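Letters A, B, C and D name the chains as they come in the text, with residue numbers starting at 1 for each one.
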Amino acid sequence: MGANFKSDNAAGVSPPILAALAAAGAGDGVAYGEDAWTKRLEGRMAALFEREVAVFPVTTGTAANALALAAIAPPYGAIYVHAHSHANTDECGAPEFYTGGAKLVAVAGAHGKLDPTELKRHLAVAPRGVHWNPRAAVSISQASEAGTIWRADDVAAIAEIARAHGLRLHMDGARFANAVAATGASPAALTWRAGVDVLSFGATKNGAFAAEAVVMFDPALAEAIGYRRKRGGHLLSKSRLIAAQLEAYLADDLWLRQARHANAQAARLAKGLAARPGAARVHPVEANMLFLALPDRAVSGLTEDGFLFYRWPDEAGRSVIRLVTSFETEPAMVDGFLASLDRHL
Amino acid sequence: MGANFKSDNAAGVSPPILAALAAAGAGDGVAYGEDAWTKRLEGRMAALFEREVAVFPVTTGTAANALALAAIAPPYGAIYVHAHSHANTDECGAPEFYTGGAKLVAVAGAHGKLDPTELKRHLAVAPRGVHWNPRAAVSISQASEAGTIWRADDVAAIAEIARAHGLRLHMDGARFANAVAATGASPAALTWRAGVDVLSFGATKNGAFAAEAVVMFDPALAEAIGYRRKRGGHLLSKSRLIAAQLEAYLADDLWLRQARHANAQAARLAKGLAARPGAARVHPVEANMLFLALPDRAVSGLTEDGFLFYRWPDEAGRSVIRLVTSFETEPAMVDGFLASLDRHL
Amino acid sequence: MGANFKSDNAAGVSPPILAALAAAGAGDGVAYGEDAWTKRLEGRMAALFEREVAVFPVTTGTAANALALAAIAPPYGAIYVHAHSHANTDECGAPEFYTGGAKLVAVAGAHGKLDPTELKRHLAVAPRGVHWNPRAAVSISQASEAGTIWRADDVAAIAEIARAHGLRLHMDGARFANAVAATGASPAALTWRAGVDVLSFGATKNGAFAAEAVVMFDPALAEAIGYRRKRGGHLLSKSRLIAAQLEAYLADDLWLRQARHANAQAARLAKGLAARPGAARVHPVEANMLFLALPDRAVSGLTEDGFLFYRWPDEAGRSVIRLVTSFETEPAMVDGFLASLDRHL
Amino acid sequence: MGANFKSDNAAGVSPPILAALAAAGAGDGVAYGEDAWTKRLEGRMAALFEREVAVFPVTTGTAANALALAAIAPPYGAIYVHAHSHANTDECGAPEFYTGGAKLVAVAGAHGKLDPTELKRHLAVAPRGVHWNPRAAVSISQASEAGTIWRADDVAAIAEIARAHGLRLHMDGARFANAVAATGASPAALTWRAGVDVLSFGATKNGAFAAEAVVMFDPALAEAIGYRRKRGGHLLSKSRLIAAQLEAYLADDLWLRQARHANAQAARLAKGLAARPGAARVHPVEANMLFLALPDRAVSGLTEDGFLFYRWPDEAGRSVIRLVTSFETEPAMVDGFLASLDRHL
């Protein structure tokens, strides 16, 4: 009994991706991204996004985010992010490191989403000459740290404000697949058509081993990333390690099938919880994450029954846990969780 | 016909390492280095080096070098390196980036090895107060960019100078396995026993997919690396990707067997060339690299016959090519090269 | 009529300081801080603070703050500051630049003073391993941006929390003289005896032309500042420019006499305002700054009468103005302001 | 007897500049560069350079150089400098700090001047993709560290190479006045007309207290400097401190009169030495510096007679001293030096 709901990044690696790794590793390849896998990737990404793109594969989302932000914000710039965003709270200052010291400005917003009205309020304050960091960029997370989704209209609302103030827009797409699966919108619709300049395209949380990519929709911004990636130590000599994963990830809609599965398990959980009034959902369940306020005895009981999850800070002081489903989560795990909950609520 | 002598990092991945990757990816694991593979690694490295060590796995040698140097040099420090070292010429300023702007001082030395007398000459100049970067570290490459090896005594000679001036000593061990195989010395003898403070332990050039590690022999210096690695985007959520490779690499002496094989093929090449006076070896052949001055027609002929290699800058203006052997190089490839050379010399 | 209450840094330079500049400039001097003026300064500061100190004169408070913070926080560290502190809002990211990307964490607090309870709340959250910036330092402003003063007990309360969590304590003393004058406490009592590790000692806002100093109470922390100052471009060849100002500033208690005068004019203003119910003081008047909520017509009227001041953002949406007195403010200016106010209230 | 030939930056401050400081300090002024002095400066510099310029006054040459280089080179760029240039050897890594880690590439050249042929040789090597820092800028020093001068044609020769390779050209004009005085060329002819993009305009070594300025000839490059200067801590609140010095410096050709005087004293020294075969000039004497190879007994004797100068490293192992004349050097000091030399040669 028991199951692991700690994180989608604690899951295993999807078999087709492991197979692709084995195949790519078996033979030799030109080093530093001149191999066939990496060269094919740009074309595949262009097809996926229905336009020319510049693609920079890396092994971590932190690297993708930091490189993307360094491409759109100068060392002295201000970058507007949600207070609880990964870039602001989970990367040990990677954006500050890669940008050379830009200032992350925390913007409020319900359920993990940077609030357009709050962003406007920040930007309505008159610029302060050279005394404060000039505004450079906005970064939003898809899905958000609260598991909520940016629909195309939501993105466009932020993009419009950003454009009106001359700011670039970055999307941290660590769970981009879950968002595409949840909305049914095209990758293009959720990104550049809505005003995104650069995307961190994540795969690791959805079945890859270590595969992310900076996807630039503005070629002029791409120029520097190649140098920054190398200098950051993120250009692999056997670059096909990443490209082969991403190729398998995109082939036959594996990425969407896996994301749909993960989302469906979260929905199954949410549905089960709706019938249990003792377990309060903290945020809407829109992708593959679920935040639950529970009595302490329920938290203890679930833990004793072998369920793994993170406890989460809660401003209202409740006992909140986070459950994350993945491509590996089985319905029986969900049902087992609900059954355990019934015993302890 | 033809064979690829471009680089050991253009080779494939060793089958036991691919198998380890498949096994590690098949199941789930705790994220961010708390998995069983990564936890086992420190013990294995401690056994290998016959002492306690702190180990920070990363995916590239550039990252390992830059993190190691950031641990031993302040932003305003001077780091002494060979003029042609990888850190100085092939990392697009990664050491400067990770240290926050330290100054790499190029020191001369024959055959790719930083010359102790030259180092002493640099250090004999009186420090210039705050006007010039205070001396912080020395970095040497094992094997060097010219394919030569640092024996334990060579390392000790540099370490003694470094210690006398209060400098830390880093070894870029991108081809550490080839050096251990070539010298027969123990990993301990070639590193901390000879005075090395921190080692970039390379595996990618010797059959891994993307696996290196910063190995710290001074625990006090390790403190900051964890934060720097995270902030550099080099802490993988599925860290077992690297640890599993390194575990398979070290198991059953795979690393040494592969390095011995690569070295043996370079020796076979060197032996064959010794009998061909038209082909002049530029540097001693001590590991798995060979630099050859050839008539232009021979370079063209070899290329036409399908042999791949890099042309190398030569201060004397000769046509020099670099040949690198790997764990995959077969004797027949070497013999084919020599036969082709005979036709074109 | 009219008078300038915009800022104490828009004032003139005190005559004894101008005289010292003329004297110091008249003859030659050894360059880069080896001159007699600079050499005397450390002794004078040691006497002032009743202990050995390391002193690094610079020309701006921004430089002093950024150098001080770089001495106590690593590039990946977190620095706790008041949300409205100068370091956080008025230095265009100088702390991030000099530290190499440290994260400033905004802590709330009434009347510009970082609240000990809020600081404790931040520090009560369990550290997050390498995922978030490790805690390094706290910085408080004397006087605060709201014109309030840190008494020795206030400083000690913060210092105790800082020490309990292994954090260093910095004081931005841009208006340190006003605080010493206001409290009557000794410079030692307000700083190191209360737990301050490093002080930005300001003089520019109190009659100097451009003279500040980083004063280090922990010699171990001083080591790096000399290099950082040089590399920041803040080591003047004719360093006596700064040292001569500071020497005149400290001689014959000029600094305290001037600060007492400025404070007295602010008190005179405050007293006058107490009798005028239409003008609400936003913060307690403890040093030489006064924040006043006024009807819009009064703000316009005062402006028309030639009074200069800044308008200040107010969270409650009122029309707030900031008045700053200096060593040059004359009682007649204060009385003129009150008279003008009477006409327009 | 005896005289100080150590450095022009160890000299005093010119009386008209001290007078201007006294006048500017006497009254109040708008802070942060909005004062009348600073506002007038841009116009005066525009007149001087016969074109629109953007001017950023700072207090040190190190700051001017580092800000200028940060404006024309990205963090990953390569900057070509003379091996012995101030930026490379005397600023403790300020260019690396302000650019965020750019790489200074040392180029050889006789008598302190970067050699165009050597520069071409560096640039003739094919770029190495992302593996090495892309070329961004060239920096030359006027006068050079060896006291030699760049005539307009010399500058143009470098500028042409720079332009052909897409590099920007910076001139470190710490002794720009001496070069203008020596050549008789106009400031425009020696800078932008010859291809300079940005100039560090020095005054401190020629009688100012602490006054330099970044002068940008390309307005597009100026945009970022304001922010970088603030964030570097180099925007003085009482900015008129610098502007008033520069105004007096330029008024009535004070700068040229002083530079001509200093140059004339160096020429007087050189002429005297030409008649003394025991004293070998190491570099041509073109501005206000003179390098002299002497018998050790002469060096000792001069020192005993009270003459101050620096000993200088010499690659040929001779005893070399550096003599620098300034606006304060009197003919009698020169003659005294020659007389002392006669006694000890």
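Heads up, the rule we're going with is that contacts are C-beta pairs under 8 Å (C-beta built on N, C-alpha and C of every residue); 3 or more make two chains touch, one makes a residue touch a chain.
Being a predicted model, the structure only gives us computed values, none of them experimental.
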Taking each chain's centre as the mean of its Cα atoms, which chain lies farthest from chain C? B
Taking each chain's centre as the mean of its CA atoms, how far is chain C from chain D in angstrom? 34
Chain B and chain D have mean C-alpha positions lying a whole-number Å distance apart equal to 42
If you average the CA atoms of chain A and of chain D, how many Å lie between those two points? 51
Of all the residues in chain D, which ones touch at least 2 other chains? 75-76, 91-93, 97, 100-101, 130-131, 133, 227, 230-231, 235
Indicate which of the five shapes (line, ring, star, complete, other) describes how the chains touch one another. complete
Chain C - residues contacting chain D, complex: 4, 6-7, 9-13, 17-18, 21-22, 25-31, 58-64, 66-67, 91-94, 97-98, 204-205, 209-210, 227, 230-238, 241, 328
Applying the document's contact rule, which stretches of chain B touch chain D when the two form their complex? 75-76, 89-93, 96-97, 100-104, 125, 128, 130-133, 313
Note which residues of chain A are touching chain D in the complex, please. 32, 74-76, 100-101, 129-131, 133-134, 224, 226-231, 235
